[in-house]
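Consider the two complexes below, in which chain A is the common component and chain B and chain C are the respective partners.
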Partner chain A sequence: MSDEISILIQDRKTGQRRNLTLNINITGNIEDLTKDVEKLTEIPSDELEVVFCGKKLSKSTIMRDLSLTPATQIMLLRPKFNSHNENGATTAKITTDSSILGSFYVWCKNCDDVKRGKLRVYCQKCSSTSVLVKSEPQNWSDVLKSKRIPAVCEECCTPGLFAEFKFKCLACNDPAAALTHVRGNWQMTECCVCDGKEKVIFDLGCNHITCQFCFRDYLLSQLERFGFVNQPPHGFTIFCPYPGCNRVVQDVHHFHIMGQTSYSEYQRKATERLIAVDDKGVTCPNVSCGQSFFWEPYDDDGRSQCPDCFFSFCRKCFERNCVCQSEDDLTRTTIDATTRRCPKCHVATERNGGCAHIHCTSCGMDWCFKCKTEWKEECQWDHWFN
Partner chain B sequence: MSDAATRRLMKELAQLKSEAPEGLLVDNTSTSNDLKQWKIGVVGAEGTLYAGEVFMLQFTFGPQYPFNSPEVMFVGETIPAHPHIYSNGHICLSILSDDWTPALSVQSVCLSILSMLSSSKEKKHPIDDAIYVRTCSKNPSKTRWWFHDDSV
Partner chain C sequence: MSTLQAAAHGRIVQLSRIRKEIADLAKNKRRFIKDFRKIEKCKDIFQFKIIGDGVLYKNMIFTLTLDVNVEYPFKPPYLKFCHNVYHPNVDPVTCELCSPMLLQENWKPETTMEDVLLNLIVLLNEPDLSRPVNIDAAHDYIHNKVEFVKKSTELAKKWN
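Up next is the complex of A and B:
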């Protein structure tokens, strides 16, 4: 099996740079590659260091494990002196190239599915792939947040650089969003919903395992009755399905597994909820629109224009031609008289029966209708009914 | 019933029969052929207000089970008098609606109800029993509960 790959040779001894296209055997290893290069360039193979994804690869790494595509470029470096410590870059002997291999999962928009992903490293400044990281990423934050991992770029040589990490779909090579809660089921643990032992599972960091199919159905059932709760900074999200576990999904990309239509519905409903609890939020009263937006507080005359359909209306009575002056604001009076506001999100809440323990459907707060504060032990015993 | 729901219910039934927890009368469990409806006997725990009393719980499962909660109520001659149980058998328990999660099961629901019975201090129906029973829907899942205290 042979594949064409593109390589860049940086010869520090002679100061030369060469681009080559090479036919390689993808079942061969890095040592085979350096020997092929030696034949073409007469640079001794034992002087060549192979840099890929920010790391120097061990000679025994199999080419196929690198998930190369025709667009990938590999850098071969011939140091000025035969030293392995140049630039302070990582020289750790790599035994498993696990971070390069697809040991994690991504949401691929192109494949419209959860796929295995690969991590690629670029120079933050010139986007070149000819970079060496000075330390190995240790956790998700190291690769998801910028300026965490210092790097050296062989292309632009700018001092004080950081590595930039990107995720790609292993199947189609498109850029994709990392799914930090999805992993392989290494220990073959049972799903907490169906007891099945699926290969790809959700784990919100609490070790409660849900298979990807049950997690999708769980999301869809929660969407139906909008069981998503606003948990800043994560936005409207969902708890781990394990009873009593308060871990939440930390990144909305995971909700894509519901499918595009349901994901759009989630976005729309979450926006509506957010607007409903924000003083500056308003929903366009035009029947054919319904767009939610924030109004600008400066120069306010009590009217707003929808940025989507340009319908202009009074924010108090929601009419194009304001009727606030001509009529008593009966609606407002009635709402004020019959409801109390949630102490956390201020949504108007009507109690038409039952006890005084209110579970806010908007923000999830448990509060006492009598005290208008958080539900306490004292309310538990004395305020069920007033 | 969906395939997934049937599979899960069959598994739950087998598990319940092989290792019945204390307080559940599994031998009294009867299920409809399609597994859509179950009846399970529960016995009040020793040292509680309901010691030795036997009640019948009825579970009705929808095709979306376990992603949607089952409809659970007391049926039969005796409905326990309890501050969170209405005289028509409806139960005010958060895990049966808002706090339901698909990782809960028939067994965990039964045990929650038993523990709710055990911690009761007074044999009495909720204050709004009369009006609720007159006006509520037949299906307790349709009720928008204001949860009474979860600890009882």
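Up next is the complex of A and C:
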């Protein structure tokens, strides 16, 4: 089988730059590629270095492993000074298993599904793909955060540059979000929930393997009563499905597998909870609105106006015309007796019966309504029934 | 994945989990469980007997039903006594066991039926007082232990 690829040749010896389109055998290797180029350009194949995803590729790399698409461009670099020993040492040092380039999974917005992804490297400054990285990415942080890997760009030749990594969907070539907890089931381990052996699994780093279908069902069942908890800096997230395991999903992009409708519901509910928890969060009391927003503390006269329906109201009593001053002692006594703020997340809580033991549905804390502190053994003995 | 596919997958998971867990129960042969059987043809409702141990319920027999509802293992099952039990975590009206493990917010899909039964044994001996459903029993357990022991053993003996 044959594929057409785009090649950029940088000849540092003669100062030439050339763009070629070449038919290659996808089952061949890098050495075959350089020999084909030699026929067209008369540059000796042993002087050419093939650069892809910011790395020199070993001559034994198979073309198929690179996940090439019509949009891919490969750079062939001919250095100014050629030394066989030096090249040999360099090549041996940088040689890696390039099949790792295809082992990522991404959420593709275009495909609306979990897809295999590929990693691409760009220049931080000019976004060129003619980039040579100075060290290998070692972990997820190296590719997800900026300014981690120094690089040399053949286009703009500016010193002090960093590589910029992006993920793309293998199926449709769109930019996509990396799913760090999704991986291939290399050992064919059974899913802890359904005992099935799926190819694609969720692993939160704790080795409790869940297949993507069970993880999806798990997320949907938790969404039904919003079992997500706020875990800064990850936001509203969820624990591992295994009992007793405290690992959480660290990137909310994983929740896209619930489907667009459910993901939107997750976002709405998480936002509402965040506003309920924050002292500056308020919900519009207009019956036809229900919008939530944050008010800003400058020029504060105790009133707010909803940005959606422009209803103006007093934030304390939620009335258009303030009735705070006419509040009688009995009302204040009732409010003091029946309402508290959670000592951990400060969500407003009303007690309408039962014992003094409160379980906060927002942050999961058990606390004592009388003490306003965490539920202790003395609270259990002394405050339970009153 | 369409809604129909998702529902089908949920049912497949449920059936395979129930089949596996019943096989595990039979294989492990826990001495405190006996007569574990299905009582409804079209529903996954099981009945079994528990032999109590510890101080309070030594060698007493309790009959319970375990309702593995349609969304198991993503939703917790229901555990219900077939008779009255004087216990802080057993509802005096419905006889349903209210265990922290069986709350939706605490439930994890990888918890098994055997875990639930083991938790039941622990609860019988050591009631969880943080969320009682039988207030009288909880009150007696804290302030009048003798009365609690008397009432609970009397009621347990009644069904043996």
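To be clear about the criterion, the second predicted complex is superposed on the first by the 316 of 386 C-alpha atoms of A that agree within 3 Å, B and C clash if a C-alpha of one lies under 4 Å from a C-alpha of the other, contacts with A are read in each partner's own complex, and residues count from 1 in each chain.
Just so it is clear, a contact is a pair of C-beta atoms (placed from the backbone, for glycine too) under 8 Å apart; a residue touches a chain by one contact, two chains touch by 3 or more.
All figures in this text were calculated on a predicted structure; none of them were measured in a lab.
**Student:** Once the structures are superposed on A, label A:Gly353 by its partner contacts, choosing first (chain B), second (chain C), both or neither.
**Tutor:** Only chain B is touched by A:Gly353; chain C is not.
**Student:** In the superposed arrangement, does A:Cys192 touch chain B (first), chain C (second), both or neither?
**Tutor:** Both partners.
**Student:** Check the residue A:Leu144 against both partner chains and state whether it touches chain B (first), chain C (second), both, or neither.
**Tutor:** In the superposed model, A:Leu144 contacts neither chain B nor chain C.
**Student:** Is A:Val252 in contact with chain B, with chain C, with both, or with neither (first, second, both, neither)?
**Tutor:** Touch status of A:Val252: no partner.
**Student:** Taking the stated contact definition, name every residue in chain A that is touched by chain B in one complex and by chain C in the other, in rising order.
**Tutor:** On chain A, the overlap between the chain B and chain C contacts is residues 192-195, 208, 210, 214, 217-218, 220-221, 227, 239, 241-243, 357, 359, 380-381, 384-385.
**Student:** So in the complex, which bits of chain B are touching chain A?
**Tutor:** For this pair, the touching residues of chain B are 4, 7-8, 11, 64, 66-68, 83, 92, 94-95, 98, 101-104, 108, 126-128, 131-132, 145-149, 151.
**Student:** Name, in rising order, each residue of chain A that touches chain B in their complex.
**Tutor:** 192-195, 208, 210, 214, 217-218, 220-221, 227, 239, 241-243, 351, 353-359, 380-381, 384-385
**Student:** Flag every residue of chain A that touches chain C in the complex, lowest number first.
**Tutor:** Residues 192-196, 208, 210, 213-214, 216-218, 220-221, 225, 227, 239, 241-243, 259, 357, 359, 361, 364, 366, 375, 380-381, 384-385 of chain A touch chain C in their complex.
**Student:** Residues of chain C touching chain A in their complex?
**Tutor:** Spelled out, the residues of chain C in touch with chain A are 1, 6, 9-10, 12-13, 16-17, 20, 71, 73-75, 104-105, 108-111, 115, 129-131, 135, 138-139, 142.
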